Amino acid sequence: MAILSEFYLLLSAAVFSIGLYGILTRSNALVFLMSVELMLNAANINLVAFSFHYGNVTGQVFSLFTMALAAAEVAIGIGIVLVLYRNFEDIDVTKAATMRW
Amino acid sequence: MAIAGPVEALMAVALVGAFVVFLAPDDSAGRIATLVSLVPVAGSLWMYAVFDGSGNGLLGGDLAFESSAAWIALGRYEVAWHVGLDGISLPLLLLTTVLTTLALVSSWTPIDERQSQFYGLVLLMEASLIGVFTALDFFVWLVFWEFVLIPMYFLIGVWGGPRRKYAAIKFFVYTNVATLVMFVGFMALVFGLGDSVSSFDLPAIAQALRTPGELGTFFGIDPGTLRLVAFTLMFAGFAVKVPVFPLHTWLPDAHVEAPTPVSVLLAGVLLKMGTYALLRFNFTMLQETAIANAGVIVAFGVVSVIYGALLALAQQDLKRIVAYSSISSMGYVILGLVAFTPYGFGGATFQMIAHGLISGLLFMVVGVIYNETHTRMVGDISGMADRMPWTVGVFVAAAFGYMGLPLMAGFAGEYLIFQGAFASTVIPAAPLVTGVAMFGIVIVAGYLLWAMQRTLFGEYRLATDYDVSRAPVHDVVPLVVLLALVVALGVQPRLVYDMIQDAVNPLLHGGVLPWW
Amino acid sequence: MTTRPRLVTDVNYRNGAAAVALFAVMAWTFVTAQFPAPLGFGEGSITATIGYAMFDLLEQVPDGHGETEGFLVAFLVVAVVLDAALDGAVMLARREEDDSVVTALADGGRRALGAGAADESGSDPGDAGSGAAGPDAGDAGTDGGES
Amino acid sequence: MAGVYDFVPAVALLPFLAFVVSLFAGEYMPKRGAEAGIIATAGSLALSVWTLLTVAGITGPATSFNENLYTWVAGGEGAVTLNFGILVDPLSALMLVIVSLIAFLVHVFSLGYMNDEGETGLPRYYAGLGLFSASMLAFVFSNNLLMAFMFFELVGLCSYLLIGFWFREAAPPSAAKKAFLVTRFGDYFFLIGVVGVFATFGTGLFAPVEGAETLASFPELAEEALAGSAEEAGVNTFGYDPGTWFTILGLLVLGGVVGKSAQFPLHTWLPDAMEGPTPVSALIHAATMVAAGVYLVARMYGFYALSPTALAVIALIGGFTALFAATMGVVKQELKQVLAYSTISQYGYMMLALGAGGYTAAVFHLTTHAVFKALLFLGAGSVIIAMHHEENMWTMGGLRDRMPVTYYTFLSGSLALAGIVPFAGFWSKDEVLFEALIHGLGSEGAIGTLLLVGYAMGLVAVFFTAFYTFRMVFLTFHGEPRTDTARDPEPVRWNVKGPLTVLGIGAATVGFINMVPVAEVTGREIDYLHKWLAHGDISVTTTEHYGELLHTFAGVDPAELGPVAPGAVSLVLALAGVGAAWKLYNVPDPEEHTDKLGGAKTVLMHNYYLDEFQVWLATGVTVPLARAADKFDQGVVDGVVNGISSVSLFGGSRFRRIQSGVVTNYATLMTLSLVLLLVVFVVAGGVV
């Protein structure tokens, strides 16, 4: 007996909400990055779950792509965090309030 | 039917001229613009001379200088470039071209900065005004209708008085919202017509609306209610432009802040867009509704007449006086339109022309005095007749023209409206209502005579430190030309009245109405 | 300053409530939803199928091993993107000897160009950036009003 | 048919040409434009006399003319056509001669009054006179109500321009404004009347136009409608009973008459109008423009004769105005003011006559009054020249010996005004009163009584008229000079004396055209004016026809009574008035006896406070109303507009706070929105 899709969805919703919670409550850029990762992975869970649900492997392929893109995003993200720190001596996202200074 | 004709040529001249003037040096911009604008004047006079249209343009009459070209498709509606002239639009076209040229000449003195932009914008406005009075496709018409606002906004906002920004924004937003309201009303009608029409062609829509049973339901609204809703929305939208009480408050502000030549165009031509649209849309397409609600509509007209006149009586600023009295005069037009008699429609249309010329003249002459004295307040000036005899002479003539002195255009317009309204079978208690509205002629005499007594006569006195001398020739020439036109139209209204009458007569026939 | 982790004190719980609300709604939806039983993949290696799919070798996938389609182009595009991201990360992270790249991005080159003049006026060039940005940031923060 | 009638338009066009020439070229003419006016009015006079003679059948066979010459507006499709046309019948021919004669004399007199006094702005003055003459003459020969209204208004404009001629002073512009405004108020009703007449009858013709098809006149149509049914006559009475509706229309038109002819309660402008140059007062405010109102009633008498109510109103207004104005004339100190009130009073007599069915009497009085009142004003002008523009009679005295021509002509005019036999005014005023009396006695019902009331007021006014007239004569010319100026007055030239002499002779003799009592006594047919107006080609504008109408529709009939006894009564009253004035003022050093009137004098000097009342109407009622409207407009109407805009501005400033620039906040909003959206989906069952 396979696990029902509802529980996958529940898990994904939980992960997504945790990530979202992190973004909404914190102002640390690194925490932001990590939270975004959580949300991306919540999406991955869904992809995989529905792949299983419909018996279609495409979802799983896509989750792999997502991971790759998440990696790319993290790479750029960390780079930006570095620059941020260098210019503001801090990685608080609310401090960088102007686009040009 | 040609793809392009003289109408397009006039527009093109004004449009190209506008961009040429934009690039011209400031010193010569005024002259160049005036020269350019003489081409539309000559063109429209030529069109007047060879005019061969007959009947009402929207109701299957023969249009003159008609041209049409398929343009774009919006959904299942074809949008076509369609312009043409009938007996209603040709006089208004003439009014536009003539008044623009005169306003340009009268700008030579007061406009002393950014001339090339000023004159370019005026020409741009002329081009779009020509479009408003000639377009026969709703979409094309709407584009011009809206485009008029843009030059006007800048003309008030850049060259205006101290509160120019407030006035310009108020003008723009007010009239723009009005357009939105009107647009909703009209589109409801178009959609309500369903498959009967497949284009925004105004004649087609007008004739469909006048055919009983063509209008279907739209959005669950039955045809009768749909007519009423659309009529109300369009009336409200156009009433802002006219302007009709209580939607008039943008007008005094705009007039007071606008430089004089712009006021001339605003009062002379832009207000006529409102009444022109009312005639073309509400009173041509939805006659049934207009007749059923004549009592309400006429109340708006009569209240505008009396209320505007009373307000004019309370003003100190000469331009404000003329502005409020414009509200009063345009109220007569509403009265004439709703009468549904030959003289009612004819007189209302004639009054548009007459008021355009006379209010333009009065604004211009106030402007000439302002150029010399730099004040327009009644209390600041006294005895101007001493220093500027000819200008004051024109002022007196213009003021009497405004009061409806016989043998001047204003009397002809007002008299015909009264004649039409008095005999109306549509207006409830027509003789009484007309009588009440006519009291406006007493009040208008009151405030103009009062203002003249205070400013023109008596001992010479001026509160500002300026040397008052006789106005330069180029300031006086437009006044004289306008005065001559006013007198000519008063002595012989048939110069334009015959074609107007020919164009409005079909409004009283056929359609959903029985001919009475 | 950030040498060791500290307990955050400025956590915005009000915003967090939004996330909790979202979870509540989603959870309630999922719990109440009725799903048919999952179809599953049947027999065979899913990993192999994925591999074939990525390289457009779908004819090699045995029947009944889950449906899929070819992703070669996507795979290549993702590869390129990942590479570009790595390059970008490296570029952003690199500390230039003359600071020119980083400062050009960061302060519009003001620090590099105005170095000489700043010395004469005696102000600390290091403060120019943060000093100018600080009040702005503070304004923006108070404007926010939400936090 | 080339004849004099082809030239009738020129009667008005010549002065119009003079207007144009004076206005634009007057500056370069030796007399500053007077030449143009004099030549033009002389031409008009000649043409008018020719017309009169032709109408009399002396110089041509066609004794009347009525044609539309010019289409002003053609409505088509069942709408009425508005034409300009010319109507020449005995009445208009007579009036043309009167107007052009007075205009001509006034132009000549102006040479002395304006040019010789070195006034500036003369081209404007002569242009105004020319335009006035043109408008008035065109008004006289109008053949329909609309054209009449148009020139009626232009006459008002000229009056404004000429009263305000000395615009640099404070009073004349104010008086000009008042004159135009008050008459405009009357014209408002007139205009409604015009519109109403056109809407009712589809025509405004005074008399039928014969042509390919005869165009009926509106009095005829009204007559038909009253005799038969309104539908048959093609008359739309707007749901009223024809009689009632015609009365309403008649009274509306009467509004214009009351304004222009300065009848109570719209008479207040006329005394103020004396601020204008004296020749203007003579031309406009005595002899012609004010006559326009009365002339209009006479012109459409066939319409008024149908309505007993309208007739009674006319008679009562006339009788009351005659008495009312005469009492105010008694206390005035300025020469021209006395004359102004006498003008109002005399036009009251004409109205009384018209209301009482004495059409001929009214026209007769109109004629004689035009002559003697123009004379009196020009005489007053002569005195004013002599007195260096001092008008107060108490500074004059003893001018009799120093300016004999002025004195004797003025005396002739005064005797005529007072109604002393055999001067012109006696015959005409006597006939007015006689007609009022016999119709009052002869008519049944209320109208008879009302006419008798009018007669009584007119009779009392005779005494006052004679009194104030001779008070004026004695104060000005008799006694001892009271100031240095009066001792050594400035001499006047031929251009003043000439017109005075012509009019002085006229004032003594014009009455002979209609000596009814003499005709009655001697049995000789010398009542020429009666005969002149009784017959004519156009039968509907003859007194014979009016008599029938009055009898049939208004129930106004004359009683059998000889003219001699009533004439004697009014003559006795007039002589009593002269005697009283003689007693009080023909002394070397007269006193201000009016002081004895006490409070009554104050009331009379203030013209019964009617001016105050009208000023209060303007400044106490209308202006506050306008202010209130302005406040309402600025506060409420514009307030709503600005309120809407401030609501959106306020809303905008609130919503702007959401745009904090902090990504977290945006994310929160997005989240919340998503939650909301999901809830909505769930609640709506996933189907929207």
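All chains are identified by letter, namely A, B, C and D, in their written order; residue positions are counted from 1 within each chain.
Definition applied: a contact is a pair of C-beta atoms (placed from the backbone, for glycine too) under 8 Å apart; a residue touches a chain by one contact, two chains touch by 3 or more.
Please read these numbers as outputs of a predicted model, since none were measured by experiment.
Visitor: Leaving out chain D but moving nothing else, do the remaining chains stay as one piece, and if not, how do they split?
Guide: A, C | B
Visitor: Centre of all protein Cα atoms: which chain's centre is nearest to it?
Guide: When every chain is reduced to its C-alpha mean, the one closest to the whole-protein mean is B.
Visitor: So which has more C-beta pairs touching, C-D or A-C?
Guide: Pair with more contacting C-beta pairs, A-C versus C-D: A-C.
Visitor: Among the chains, which one keeps its Cα centre farthest from the Cα centre of chain A?
Guide: D
Visitor: Taking each chain's centre as its mean C-alpha position, how far apart are chain B and chain C in Å?
Guide: 60
Visitor: Can you give the whole-Å distance between the Cα centres of chain A and chain B?
Guide: Their C-alpha centroids are separated by 63 Å.
Visitor: Where the centres are mean C-alpha positions, what is the separation of chain A from chain C, in Å?
Guide: Once rounded, the distance between the two centres reads 7 Å.
Visitor: Mind checking the centre-to-centre distance between chain C and chain D? Centres are C-alpha means, answer in whole Å.
Guide: That gives a centre separation of 94 Å.
Visitor: Among the residues of chain C, which are close enough to touch at least two other chains?
Guide: 12, 15, 18-19, 22, 26, 140-141, 144, 147
Visitor: Two-or-more-chain contact residues of chain A, please, as numbers and ranges.
Guide: Residues 20, 24, 27, 94, 97 of chain A each touch two or more of the other chains.
Visitor: What residues in chain D touch two or more of the other chains?
Guide: Residues 661-662, 664, 667-668, 671.
Visitor: According to the definition of touch, which chains form touching pairs?
Guide: The complete list of chain pairs in contact reads A-C, A-D, B-D, C-D.
Visitor: Any idea which chain C residues touch chain A in the complex?
Guide: Those residues of chain C that touch chain A are 1-2, 8, 10-13, 15-16, 18-20, 22-23, 26-27, 30-31, 33, 35, 37-42, 46, 49-50, 53-54, 65-69, 71, 74-75, 78-79, 81-82, 84-86, 88-93, 102, 105-108, 129-130, 132-133, 136-137, 139-141, 144, 147.
Visitor: List the residues on chain B that touch chain D in their complex, please.
Guide: Spelled out, the residues of chain B in touch with chain D are 170, 173-174, 245-246, 248-250, 307, 310-311, 313-315, 341-343, 346, 383, 385-386, 396, 400, 403, 405-407, 411-412, 415-416, 418-420, 422-423, 430-431, 434-435, 438-439, 441-443, 445-446, 449-450, 452-453, 456-460, 492-494, 497-498, 501-502, 505, 508.
Visitor: Enumerate the contact residues on chain D facing chain B in the complex.
Guide: Its residues touching chain B are 71-80, 146, 149-151, 153-154, 157, 161, 164, 167-170, 172-174, 176-177, 180-181, 184-185, 188, 191-192, 195-196, 198-199, 236, 238, 618, 622-623, 625-627, 629-630, 633, 637-638, 640-641, 645.
Visitor: Going by the contact rule at the top, pick out the chain A residues touching chain D in the complex.
Guide: 20, 23-24, 27, 93-94, 97
Visitor: In their complex, what parts of chain A are in touch with chain C?
Guide: Where chain A meets chain C, its residues are 2, 4-6, 9-10, 13-14, 16-18, 20-21, 24-28, 51-58, 60-61, 64-65, 68-69, 71-73, 75-76, 78-80, 82-83, 86-91, 94-98, 100-101.
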